[in-house]
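Two complexes follow with chain A in common, the first pairing it with chain B and the second with chain C.
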Partner chain A sequence: MNQIFEVLGFLLIVFTLLMQWEIHVQRIIILFAASSFIIALFLVLLGLNRPHEENMLFVLAGLTIVVRGITIPVVMNKALHRLYKKPWRVREDKPMMGVGGSILLSLVLITIGYFIYQNSLYSVLKVRSGSVPFALFLQASLLIISHKHAYIQMIGFLVMENAVVMLSGWVFGGLPFIVEAGVILDLLGLVVVSSLIIRVRESSILREGDTYESELRG
Partner chain B sequence: MSQHIIYILPIFFSFIGAVVCILPVRFVDRTMSVTASALSLASAVYLLFQPDYIEGYLYIDGLSKLLILTIALVYMSTVLYSLSYLKHIENLLFQHRLYYILLNIFVATMFFSVSVDNLGLIWVGVEATTVSSALLIATENNQVTVESAWRYVIIVSTGLVISLIAITFIYGSAGTLSLHELLLHHPDNRVFLIGILLGIVGFGTKAGIFPMHTWLPDVHGKAPAPVSAIFSAVLLPVALYAIARLIQIFPAHTIKLFALVLGVLTVAVAALMMTVQSNYKRMFAYSSMENMGMILIGFSLGGYGLLGAVVIIISHGLAKSSVFFLTGDVLSISHTTDMQKVNGLIQRLPRAASTLFVAAMAVTGAPPFAIFVGELFIFSALIAQYGWLLALVVILFLAIAFIAVNFKTGKMIFTGKENIKREHSRTETWVAIVNLVLSFLAVLFIPYFETLLKNLL
Partner chain C sequence: MLYLYSFIEIVYVILAAPLITGVQRSLEERIESKQGPSILQPYYDLIKLFHKESIVPQISSPVFRLGPYVIVMFYAFLAMILPIITAFPLPFAPSADFIGGGLFFGAAAAIKKFSAIDSRSNYAHLGTSRSASLAVFTEPIIVLIFIMLGVISNTNNPFVINNVLRSSPQWYFSLVHGFVLVAFFMVLIIETGQLPVESHSNGELGMIDQAMPFEYTGTDLAMYKLGSYMKTFILLSVFLNVYLIPFGVPMESSGFLSIIIYMGIHLLKLTGLIVIFALLNTTISKFRLYKNFDFLAVAFALAFLASLAYYIVK
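So, the complex of A and B:
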């Protein structure tokens, strides 16, 4: 079973790399939906592997498909349709990094994730390839940092959440169901609110251009 | 069962307030919000005299009760101030009704976060505050407020993912997330330690703790005055509450030292940033960051340091909300947040200006306000544990912050041409005055706070 988990983890990393290289927002949303289905499959396999945890992992897998795999991508896609006449052409105009640079940086991050895990946690957890969720988390951070488009930043955050689901399931056996359900509800609320904010933000940028930089300095 | 209900009354009233606001009846949003906040405050005061309640999913001890009281006080004053303030906002992003719905839900999630006996649910509550409050920042619809709302969502949520990882670590190593079970027994291994450390960083993002504080000045600088007030006064302390619980669970030297270092760095960065601000709302945002740093130092020290931190939470909540309400008064007549363009306030708005002057003194720790007393408690614990040198460094940064804030505020109030015409305040200045008076009176209740916190000291 561990080998199947490793394959799924590897697939998730590949999907995140594809998100990093893709410039069209709608395709990135589809890639996120696909990676959420992989997470759901992972939870189902985990449920089969741990029959003593009753059916909670299957319920969680169902929730993951409904919320992360379907509802969130649909909400984001609808928001794109409301904002743009040709949503399939919406893209990151000024990628901060070329494909070559992002490949190199992604590999560096995967290596960093591996070393952090191997040197700090492996001796305690003894889970082989437990570094995969850490690498995924770092990849998602890169997705947020290296893109200016709000939708892509939002997807980067959602991929981070997926990495945490994977970490909690694979390495620690999952969180209590009430907490997982609360996390998913929060996530749904956050996506809805973010979609509203992004819509207002993008429409004002389309109308007036970027004028905020001098006023928001952090 | 009936006793259980008493402890969830603040959550219940604020949530029902939000639900009833949905009704499309004229003025129901305002009436219901005032009623819900008054009932929440009454139940919060009543809770003070009830025994601690640790059962099921609830964990309500002295610390929770004092946080609930502070939230309820600021909630009521924010609703009352919003009644007049919203009338002067041009280009509202949404109807008044939605503003009150979001405000009530936001407060309900804060009450929830400080009442539950589960670290995972505390995380859910704190993240829910982000969901409910993000749109409030963009109440005034322009590109800058919307951008700051977006930055708030993405930075704070990313920070909170770190605390979700922390919770995964804690659950993975301890097998439970229940506060009372973790307080009774917890593992002493590396995974648990890393979990607690990551939790401090993650929740610290929401509390404006260095180095994840960058959203704070942008949001406080651009949100409407009542939203800045409630953010600064209670949202930041609610996030710090989670950190206080983490330190309480595992008070190891490494954890305390880590929190202390972050607290000192937060105070230092905030104090230095205050000296270069030209926007008065951003300056007061950095002042909140400085106070959060002091509270974190207090939590890391424990004992009287913790008492000092709680005293600062209460008095800062009241005084800082007063300051932000008054910045709303200033903004409504000057239409700018640039300090260079604001002067002669004592002649233009004498009541608001004099209150702002005293409130600025209060938030920067001038005696006899309770923040000063809270800081004295923290310094006594700091000197006892780490000696004079570190205490002197922190005092130096507090002095820089004190001079920066009061000099710049005094300049706005007292300089300017003579014979400037007096103007009428467009907002409810009396709300700010009441909060400032309460902040002063808080000093009288410190012995009572100590009694409530006796299990933690």
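So, the complex of A and C:
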């Protein structure tokens, strides 16, 4: 089973490398959706491997597919369609560095992730391939800092979260469900909470009989 | 008997190499709903060119004339030392391992460039410059791939690597082998001049291998083309027999008949790979020239990940 986890981990690293290679935002969204499905598969396999954690990992896998595999990519795609006439042509206009350079830097970060893990957590956790989520985390950071397009930066952030989910599931087995679900759902939670706050605020303003203009006047 | 196998192998490579190119060209045209040339067209071209007179630029040196012949000689030698129709070493195989074979490939490519430059044609210089720029980056990838397979099998002998991969499912289905396989496939696309990297037209903006033999004519051009066909054939054979499908390649105990039968199977394997190339060539648009280096960076990343996977997973 460990070998399958390693294959999935390296597949995620390759997907992130492909995100560095790709310049079209829509294709990066598709790559992110695919990597989320891999995370879900990883959680399902982990659930099969750890029956004592009951069905929580399957629920997490389902949440991952619904939220990260489908909802977020669909919402982002719709937003692209709304904002641009030709969404398939939306691309990173001003990358901070060339593709070749960023891929080589990504490799350096993967190596650094490996060495950091080997010299710190490995002696405690004894999971050799635990460096994969570390590498993924650093790669995602590079994805954020090497791009200026907000969508790609956001995907970088989501990939970073995927790495955290992987690390918590793989290396720190048995974390409470609420923590792992929190990691998967935080972005959606943030959006829901923000929209709720805005709605509550709007309704309170309307209740007082004020208009938007008077709100802006302070 | 082993010398007979060597002789059969070299004749097989020389005779079958144009066929593979012919099949690919015909297939690509048919995918595009055109009638396309016959799969024997490369043979017709070669026969026509062999009957024509060679014209040599006045200012060129003997390097220009000799280049194509030396290249064909090198590839013929490589055909004898690599596992193409046998999984056991033939008499000349001990003269070079994988690194040695790589050096011969490199030497043939260098001679090709020297002879192209010697024509003093601007187009040949353009193609040579581009080809050299790509080769500078493909060589380290190839070396890394060979090193990783050397690490797996504790040797640089392609016959041993074939035997290790066919007898050890643990290595065959390993991440290291997977990454090496994909990286080598990407390098193969570059080395055999497939479409994502190189268009098959004479457009100045993208041509590489089309530009180098610009001044060659007649028999010299025929030899140059034969060398290119042989290179493609040998590289594809190594990819298939050593890396992708190492199974079924005849051992010494299999006998003469099994080697003859395997030639047919080998052609089928090559055709399968050619179908993939034809699909790639007809569905993917060509990268702009400077984008080829991004493609190379990804190939290098995969070869590098193979080495990292070895240390992480072992």
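In this section, the second predicted complex is superposed on the first by the 183 of 218 C-alpha atoms of A that agree within 3 Å, B and C clash if a C-alpha of one lies under 4 Å from a C-alpha of the other, contacts with A are read in each partner's own complex, and residues count from 1 in each chain.
Here is the rule we use: contacts are C-beta pairs under 8 Å (C-beta built on N, C-alpha and C of every residue); 3 or more make two chains touch, one makes a residue touch a chain.
Predicted model, so just to flag it, every value in this text is computed and none were measured.
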>> Just to be sure I read the superposition right, which of the two partners does A:M96 touch: chain B = first, chain C = second, or both, or neither?
In response: neither
> In the superposed arrangement, which partner chain does A:V74 touch: chain B (first), chain C (second), both, or neither?
Replying inline: neither
> Does the superposition put A:F10 against chain B (first), chain C (second), both, or neither?
Replying inline: second
>> Quick check for you: in the superposed arrangement, does A:F137 touch first (chain B), second (chain C), both or neither?
In response: first
>> Comparing chain B against chain C, which has contacts with more of the residues in chain A?
In response: B
>> Quick check for you: in the superposed arrangement, does A:L48 touch first (chain B), second (chain C), both or neither?
In response: neither
> Which positions of chain A sit in both the chain B and the chain C interface?
Replying inline: none
> Tell me, which parts of chain C touch chain A in their complex?
Replying inline: 175, 178-179, 293-294, 296-298, 300-302, 304-305, 308-309, 311-313
> Can you name the residues of chain A that touch chain C in the complex?
Replying inline: 3, 6-7, 10, 13-14, 17-18, 21, 98-100, 103-104, 106-107, 110-111, 114, 128-129, 131-132
>> Taking the touch rule as given, give the residues of chain A at its contact with chain B in the complex, in rising order.
In response: 120-121, 124-125, 137, 141, 144, 150, 153-154, 157, 160-161, 164, 167-168, 171-173, 175-176, 178-179, 182-183, 185-186, 189-190, 193-194, 196-198, 200-201, 204-205, 208, 211-212, 215-218
> In the complex formed with chain A, which residues of chain B make contact?
Replying inline: 93, 118, 120-121, 123-124, 127-128, 130-132, 134-135, 138, 141-144, 146-151, 153-154, 157-158, 161, 164-165, 167-169, 171-172, 177, 189-191, 194, 214-215, 217-218, 221-222
